[in-house]
Amino acid sequence: PSAVSCRGMAKSKFEYVREFETPDTCLPNCWVVVRVDGRNFHRFSEQHNFTKPNDIRALHLMNRCAQNVMEELKDICLSYGQSDEYSFVFHKKSNWYKRRASKFMTHVVSQFSSSYVFYWKEFFTDQPLLYPPGFDGRVVLYPTEQNLRDYLSWRQADCHINNLYNTVFWMLVQRGGLTPAKAQDRLRGTLAAEKNEILFSEFNINYNNEPLMYKKGSIILKKKVNEISKKMIKLEGEEEREVEVSRSRTQFPILHCDIIGDMFWDENPDILTSES
Amino acid sequence: PSAVSCRGMAKSKFEYVREFETPDTCLPNCWVVVRVDGRNFHRFSEQHNFTKPNDIRALHLMNRCAQNVMEELKDICLSYGQSDEYSFVFHKKSNWYKRRASKFMTHVVSQFSSSYVFYWKEFFTDQPLLYPPGFDGRVVLYPTEQNLRDYLSWRQADCHINNLYNTVFWMLVQRGGLTPAKAQDRLRGTLAAEKNEILFSEFNINYNNEPLMYKKGSIILKKKVNEISKKMIKLEGEEEREVEVSRSRTQFPILHCDIIGDMFWDENPDILTSES
Amino acid sequence: PSAVSCRGMAKSKFEYVREFETPDTCLPNCWVVVRVDGRNFHRFSEQHNFTKPNDIRALHLMNRCAQNVMEELKDICLSYGQSDEYSFVFHKKSNWYKRRASKFMTHVVSQFSSSYVFYWKEFFTDQPLLYPPGFDGRVVLYPTEQNLRDYLSWRQADCHINNLYNTVFWMLVQRGGLTPAKAQDRLRGTLAAEKNEILFSEFNINYNNEPLMYKKGSIILKKKVNEISKKMIKLEGEEEREVEVSRSRTQFPILHCDIIGDMFWDENPDILTSES
Amino acid sequence: PSAVSCRGMAKSKFEYVREFETPDTCLPNCWVVVRVDGRNFHRFSEQHNFTKPNDIRALHLMNRCAQNVMEELKDICLSYGQSDEYSFVFHKKSNWYKRRASKFMTHVVSQFSSSYVFYWKEFFTDQPLLYPPGFDGRVVLYPTEQNLRDYLSWRQADCHINNLYNTVFWMLVQRGGLTPAKAQDRLRGTLAAEKNEILFSEFNINYNNEPLMYKKGSIILKKKVNEISKKMIKLEGEEEREVEVSRSRTQFPILHCDIIGDMFWDENPDILTSES
């Protein structure tokens, strides 16, 4: 018992170490973007037999994880994903955990990672998960709506460029019979128009007809909707009758549209304006 | 096709947004500690019927996750866990990802989170996981070995104090028939010695005999061992014969000992001295 | 000589210490404000016999120093000063010294401090400077023009409140014969209207007629002007004749107007819009 | 008056802008080094006719400024200067201004800059100061005594290398009649031994006999000394008699010795150990 109380006292003696934690508050009034990226996903996708250039199961799983992140964490108004990465936009007015950068990034990456394992079997019904995958995360601040939109445009342009390249590359390998090295040589220095031409003339593929999710990635919105359901009630001294019950619910619809141009933003004016 | 090449050009127009990423290098020659903490684990433990005050399955699962983190990530020389938290010590000379704080914390918290779901069913054989759990993470730097040891002592002292409290609290509730509120009242302001006395005189429990893992938490070391196995070989013109083959392997043994005093450190001198 | 070359080699051995410098880049596209504050200026003003509540020489010296800072350092588009403090606004697009926070604040505070001693005797002709004064400095980022204007409004509102208080306080002491403690008691909890009333009814002072520099502080702008001068020239085979020569010059005019309302900003639209 | 109270209220409306200040606490238990560097001192030294390669007046002025910084600011245990730079070492246990980096660097650079102008005429009796000079400053943290000593060794090795080069360079120009460009060519790629040889064989100069301040720079210590003075006192009913009065005073002696080797540190063991 006396040893125990000694230890008890000891704790206060050690507590000075808390002062080594340094504050990492994000500048107020800036959009907070957390981007999650797969770690060693080249190897992971091979070991789990991902279809090339796009594995639709893997993309849907990524989207499901992002939805879970948006359901669980506060103040995320939009997310955008492609390939093995996902970006989450916290509202510039968010004061979640006093805007501590470490809280933003670790909560997102943790929820995303546990969801990835949790929902795996819903999407990969025939392919067991062999080991727990890893992701990294980072926080970036954007002071203006224009900077934020340019960030999202950058990721969608990246999606486009990579997907066009990968689509041709894997055609050359899978149907053209080239080795990966030869396919790479063939594509070195080609412009987008030339890649389109190869697809069309050699493989009869019109890139424009490729699935939107592959070409544009996935945008997840947060929408408050009123669900109206009907319910029978019976008040004392009255006949039983049907009434409408309205309940506010938040949905997280997934889109695959262009977010570089103005149209998306004009049609969804409240994404960035409304505060959570 | 022309639209496509437009987009292609667009990417470079947006790339300026990368400059908004701010560097977060950790000061060289300092110990880097990443601590992972369960998010809303009070609720999580109730919904998954954790035994109180300690659920041995949950603690073993935490340990398994920490081992996975140490297997997967570089330069972790020690980890310490208790309750729903785990601390990982990266060597002060580590230059992993150029010592970027965000890399340290997000890789750890991601690997820990995905492992938690992945290994869940090995430890909770009868209790399904209901939803993906979340953890947060933080990075703290310690310039000297003494500061680092004091950090670890702080966590172990915290483990001790909480475990003693929880042990008595749950005895009063589970066997003493008190409501949680009454148990709390009873314990308010009591010293360690008084808590020990309640356990002993009312429940015939000697706290010293409680399991070490509950009282001390778990320490995971990284040990390089030489595994020697025997193998039959046959060289040309010789008889087949048995030879010994030595292979270096890294093990991650789990201990439940005191790390506040000097003995542990004297007996394991290479934990903090050896690089990588 | 051999010792010398040893030392020479030594330098590279020590150069690793440079890696302990941590980057402190300011977030792009934000207004960078550096505020300079007098250190121990209460004592300094007493030892140098400053007139209370406002010493016009000291205020003009502060303004001269701020002009020197704006002349010497790049990208400052506006400064605002009152009492013993001065704020400098670097343009949000500035890339001076790669936007390193330490460069912004130390260059400003250094130039301000050396100017203060250098120009002292121009303003304090009869009062020698007794010792080198000190200032501190800090950097704050503002993402939007509104935030920046609110910062400047905050400083001007502070100027107003302090000056009204000090004007009444020193009247009560200097002409009312109260001790400082009594004057403080008298003013405790009074509203602005009451302070105005004391000034008017007891000292026949209409606060509105107090000098603008005291009530509003000083704003320094940066104005590019074309100076046109006349010059006689003589070309070969021609008569000597007068020509006009135009030369671009930067001026730093000092104003004492309201910057809280919109008028100032409407009348000076290019302060915040024009780059550099 | 009503306008006045409006403004008064306004202040609280603007005060939210204070939250944009971000904390910049230095990691505890690390040595804090602030280095001050002359801004555009090449031009400054030419315009003020500094003697080349070393102007003794300028070096003494730098030392005087550093002493003033050490007198005025708390917790500096050592400083080291050479050429137009000076480094100040704050004790690792210092909690001055809660260890805010901006406070450390701006206070030092401000005090240094105002001192430079203030003390100028004591050292440059015949050369007026033409304009207020500027310095920049930076903060670097060093976790261990070895790192700190290596930092100081780095600066002293830099002093040595530059001074040897400059000594030969200016000999070649001033006495050898070479143009600066020719002198540069001559020295390109030469080792220290060769530079010594040029000095010796062509100019009959033994570099070892050059002044220590040029070769080693200047170290300023902080020494508490007891000054004992004699005083006549007369107690009631006694004869007047002489007594010794002891008074603790802090001195800032300037040295020009080697600080790379161990000797200096062995002979001054309390520089780094004693807490202010």
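Details
To keep things simple, chains are lettered A, B, C and D as they appear, and every chain counts its residues starting from 1.
In the analysis below, a contact is a pair of C-beta atoms (placed from the backbone, for glycine too) under 8 Å apart; a residue touches a chain by one contact, two chains touch by 3 or more.
In this text the structure is predicted, and so the values were computed from the model without any measurement.
Distances between chain centres, each the mean of the C-alpha atoms, put C farthest from subunit B.
Each of B-D and C-D has its own count of C-beta contacts, and the greater count is at C-D. Taking each chain's centre as the mean of its C-alpha atoms, subunit A lies 52 Å from subunit D. Separating the centre of subunit B from that of subunit D, both taken as means of CA atoms, is a distance of 46 Å. In this assembly, the C-alpha centroid of subunit C lies 27 Å from the C-alpha centroid of subunit D. Across the assembly, subunit A contributes 20, 22, 27-29, 141, 147 as residues in contact with two or more other chains. Those residues of subunit C whose C-beta lies close enough to touch subunit D in the complex are 1-2, 4-5, 7-8, 10-11, 13-18, 20-22, 24, 39, 68, 72, 101-103, 105-107, 109-119, 129, 131-142, 147, 150-151, 153-154, 157-158, 160-161, 164, 191-193, 196-197, 207, 260. Put simply, subunit A touches subunit C in their complex at residues 27-30, 141, 143-144, 147. Put simply, subunit A touches subunit D in their complex at residues 19-20, 22-23, 25, 27-29.
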